[in-house]
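Two complexes come next, and they have one chain in common, chain A, joined by chain B in the first and chain C in the second.
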Partner chain A sequence: MIERAVSTTNSSRPKRSIKGFFLSRKVVPYVFVSPFILSFLLLFLYPLISGVVMSFQTILPGQTTFIGTSNYERILNPTFFKALSNTTVYVILTTVILTIVPMVLATMLNSKFVRFSNVFRASLFIPALTSTIVAGVVFRLMFGESEASLANTVVGFFGVEPLEWKFGAATGMFLMVLLATWKWLGVNILYFMAGLANVPRELYEAAEIDGAGIFNKFRHITLPMLKPITVYVVTITIIAGFRMYEESYVFWPEGSPGNIGLTIVGYIYQQGFRMNDLGFGAAIGVVLMLIIFVISILQLTLSGTLKKGG
Partner chain B sequence: MKKRSLFILLFSMLFVILAACGKGGGGGSSEDSAEGADATEVIGSESEDATELNFWTFNELHINIFEDAVKRWNEEFPDRPISLKAEAYPYDNMHNNLLLALQSGTGAPDIVDIELGRFPNYLQGEPQLLPMNEYVEPVKENFIESRFDIYAKDGNYYGLPTHVGATVAFYNKEIMDAAGVDIDSIETWDDYVEAGKKVVENTDATMTTLETGDYWSYWPLIKQQGSDFFDENGELTLANETNIETLDFMHRLIYEEKIAEITPGGGHHEEEYYGFMNDGGAASVIMPMWYMGRFTDYMEDLKGKMVIRPMPKWTEDGNRSAGAGGTGTVVTNQTEHPELAKEFLAYTKLSEEGNLALWEIMGFDPPMWTVWEKPEIREDNKYYQYFGTDIFDTLLSVREEIDSINITDKNPLVQEQLSTNVFNNVLRSENQSAEEALKEAEAAIENN
Partner chain C sequence: MVTRDRLFTIIITVVIAFVAILALFPLFSLMISSLRPSSELMRNGITLSIPFKELNFNNYTYIFTESGNYWSWYMNSILISAASIILCLFFSSMVGYALAVYEFKGNRFIFILVLLILMVPFEILMLPLYQLMIELQMIDTYLAVILPMMVAPIAVFFFRQYASGLPKDLMESARMDGCTEYGIFFRIMAPLMLPSFAAMAILQGLSSWNNFLWPLVVLRSNTMFTLPVGLATLLTPYGNNYDILIAGSVMTILPVVILFLFFQRYFIEGLTVGGVKG
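On to the complex of A and B.
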């Protein structure tokens, strides 16, 4: 009996201690965050550091050499500025459109006067589930240059001559912004709807008693209450805008006429892979990272988000 | 107990999620995954002692050449059977995957097709490709030799050519007849312009289309006159007098003579153009021979209407063709069977049968010119049915007039400049003169 008892304790003790180790309050949090820490180290920090290192090198198989800052000296060329200005215009347009339109739409969908709001919610969200590449192929067909293409038929109703959508700077930008808007509108509406759900009804009731109209309620209650969400949406839209690549790639996979569709990430791709200049590509990437960093900090400071947090 | 199983369940879920994430990021560069491939085929012997070789290409049709070669090889060498796993990826995708595989030293296939426009990228530094000299040197003189030079570095031949790429004029006979033009009377570019005026006057079609998103409407034209983007010493000559005048000439064709239009979709490989041409939108197009396959595959309504003639010449004794484009097939240094892979590749590309197959299957003008005169090449196939039986008469008549192109490691930059800035600014938006645009491009390439 005694022997048996000993043997059972022996066999169960290590198990219990392993279990105990994993369930102890000190360890468990680390166990749970470890996948994310690991993926951060492996998929973000390591590439980040090696990207910075690569930006000071020329990289050929078996012949990687440090060349100082000469990759950075080459960056300030007309093509880079073209890419930068395209990206900046794109960021400004998408940020404005993808903040204001979803906010207004979300407010409307949230109001009790709109019928079938569930149907609208669903249909506005569906594009987000489509891949940009697939959607882009359809957009490319819709905006073909022939007179019979959908878009040219539509503008034809208004007496406009058929346009070469993919070949003009303005129409090219229009296509990219339209595709991004179509795709991301639903997601941003979702953010704002979530924000609206947290606005206390009493505020509106109180405002109604004071005689506020729809516009005043929106201006003085909805807008301020949505500020945290707005800041968030603006931030991610700016970052997504600077990282934009697919929206340009689907329209011009082999490079756009006059670089009307060249974005900074597109330029990284072009130089890094097409021209086999990974070091230069990495240098552009580092510059892009700095640009996003500075703008995000600026924007968060201006909107007061950082202050509150601190 | 319950708690523990829950614990295990949670953990296993986590790993599944992590594994799933890892897979998504792969993108298909590893040799086992066919993710993102347009087509995958395993060709050849199923016996266990067959050596497996991997082959990548950017053009699904190229697999057919290797399918044919594997069959012949396995019949001829039953003691050394090959099983070839062929994968076709989209152009950009394949070249990038290959570049990363060669940079990182893992994941590259045994044999791979590399397009001329990208080939210089793989010759930078120490080429991660195996030299094919032992197979090339004995047969070199039976080939249009320049086709080896464009895939060579420091005396080593790495790529085996797929075609000559002799540029020709494709005429739509129906439209030319309607316009009252005898195609065979067109000898010089002046004749071509005159004929074009008749076409525009008497029919709804335009005479020709000029590319803005690619350089096939330009490169052969300057090469015909002995010019190029680079001279024999590799010096950039992009903005030389001939090149400027030729670009001016193209501009004049569109805006002064009004016999040319900018290619719908920007290039002769765009859907928009296939539809336009198929409907009789243009009376002719200047493209290399390998473009035949696009007619047979994408423009079926023109069967029996198209004829192939030499390009118009610039001067009385000028060249009537020029070599353009190319695909060099290489063996990478990551292959586990270097000798077999090299021998098989040479068997496919350097043998007489292989070159005949290039014509029969693909409609390519085989780089081994000795087969051009063989009776086998006159056997009926879909290209003869489509374009008439005089294709090789045309080709043989211009054989001596196909100049080699000069390739340097800056060719990808030239292509980039031409297809994004130069053609667009000069031909489409007209905001630069030919001279300004080419000078600017030249400066951009030099500063890179």
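On to the complex of A and C.
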């Protein structure tokens, strides 16, 4: 093995030595990729398999028992469905908002009508730098229960009584969606701007000659041309939504009243770490993995069809 | 036509300026609030009117004199971010580079694995990884936080894309001069990849600075906490630590915002890397 490898290297190199082996052109690529292979085996494949195994077990310190599918049977409970429905509502709302609003704003920023678009772009991007915990600190303080809190002053203008934002199902969902929208709007605007940069100018010029107005141009040129990047933004927003936990944690670190803020990952954390029911937590993880797997497959077929169509 | 264009200019500028103000407003009010008495903040939260007479630097004086563990958290965050930037850049660039420039058995397969890992959320592996950390006796250490971030698939992907654009004839001529393959990477190719290092350093640094769930899981003692985990412990309904919470929050995001103002291009490149076509 060493013999053959060395024979392909530069003849000036020392032969038949360990050094020569590691210097050979055949071996070098594997040395370079070895960190990935090690981390793949230890930090991905092993946990993935042991996660699936754990989901069929009851795990107590020093004692592990196989219990068949009973962890999965236990998943079908009202708390899990609450977590699933919260997460689904959150995913739908963030996906709709974080696709449509940035698309429109990016089109505006990209148009000839805006000056200083760099300054605007930078200010819209700054929230993405903020840790969700810090952002949560601010949003908690803005949406305080007190009558004098900023949010209650604002709704007061419209004649609404002061709200207990963190204690209602609808307002609680509103807080989580608002936080995510604030944080990711700027990044998604950048994605759409990158997509818009690929739209040929001539298309717009041709449309103008045909007398198309600004809205017709958006509908018949911009929108279809943005399809690939839209599929991408929708996918990352959906997957980020199913992974969501921090946006809920900052408002209810000790768990939310009536589980109004419970998410799937929050349920994994609650069961796996707080209640120390590792097997059950792992089973929820496997279910989450299946959900995300199905979405990824859907996305791949969707973008695959797009490739054929374009 | 000119008047209609002007109308559009006004409408669009107003809309965008309004959104930009909304985006900056929470951070602006965080700054202002950090100058207000924490007792007042606890009672009413952030208010619309700014009581200019009340403003002072007491919260900052407090955090610099008797801050509990705040500065330990700060040090931990700096150390963990720095270590994970250095290690991740070193390993991921090697992998990405090799995938881009060498033809070898398994190249394609490894690249597919990279893309596969990109699609699997970390949260799913969290429980078994936690078990693994217990077995390795790494709970409550820096290493436990850093280890899973050491080879980032997104960085491997980015480095691979970047390195495939490098001139390969440079490698040939270096080989003629008797340079080893390692020498070619470290002395010739890696310096050419510098802009990609900048973008990935920022992506990795930011995600490790703001990382929350994994450090929360593997760190146990208060002095080992990172900034987000430490600050989250102050989110109690009693509000007895609001001075540290609010001034500490400002000082958590300040270095990031300052870096952003200087290296805007690399921030944007790093944070939108997912949009690069594969």
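The rule is simple: the second predicted complex is superposed on the first by the 256 of 310 C-alpha atoms of A that agree within 3 Å, B and C clash if a C-alpha of one lies under 4 Å from a C-alpha of the other, contacts with A are read in each partner's own complex, and residues count from 1 in each chain.
Here is the rule we go by: a contact is a pair of C-beta atoms (placed from the backbone, for glycine too) under 8 Å apart; a residue touches a chain by one contact, two chains touch by 3 or more.
In this text, all values refer to a predicted model and were calculated from it rather than measured experimentally.
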First (chain B), second (chain C), both or neither touched by A:Thr79: first
Touching partner for A:Gly144 - first (chain B), second (chain C), both, neither: both
Contacts of A:Gly20 with chain B and chain C, given as first, second, both or neither: neither
First, second, both or neither for A:Gln63, with chain B first and chain C second: first
Chain B versus chain C as contact partner of A:Pro253, first or second or both or neither: both
First (chain B), second (chain C), both or neither touched by A:Leu278: both
Chain B versus chain C as contact partner of A:Pro35, first or second or both or neither: both
Superposition-derived comparison: chain B or chain C, residues of chain A touched: C
Common ground on chain A, meaning residues reached by chain C in one complex and by chain B in the other: 35, 39, 43, 59, 144, 146, 253, 273, 278
In the complex, chain B residues that touch chain A: 4, 7, 14, 17-18, 21, 25, 92, 95-96, 99-100, 102-103, 105, 118, 121-122, 124-126, 128, 212-214, 264-266, 272, 275, 412-413, 416, 419-421, 423-425, 428-429, 444, 447-448
Residues of chain C that touch chain A when the two form their complex: 5, 8-9, 12-13, 15-17, 19-20, 22-24, 26-27, 29-30, 33, 41, 43-48, 91-92, 94-95, 97-99, 102, 104, 107, 110, 113-114, 117, 119-132, 147-148, 150-151, 156, 175, 178, 180-182, 185, 206, 209-210, 212-213, 217, 227-228, 231-232, 235-236, 245-246, 249, 252-253, 256-257, 260, 264, 267-268, 271-272, 274-275
Chain A residues within the chain B interface of the complex: 19, 22, 35, 39, 43, 59-63, 74, 77-79, 144-146, 166-167, 253-259, 262, 270, 273-276, 278
Interfacial residue positions of chain A with respect to chain C in the complex: 10, 12, 23, 25-26, 28-30, 32-33, 35-37, 39-40, 42-44, 46-48, 50-51, 54, 59, 105, 108-109, 111, 113-115, 120, 122-144, 146, 148-150, 153-154, 182, 185-187, 190-191, 194, 214, 229, 232, 236, 239, 242-243, 245-246, 249-250, 253, 265, 268-269, 272-273, 278, 281-282, 285-286, 288-289, 292, 296
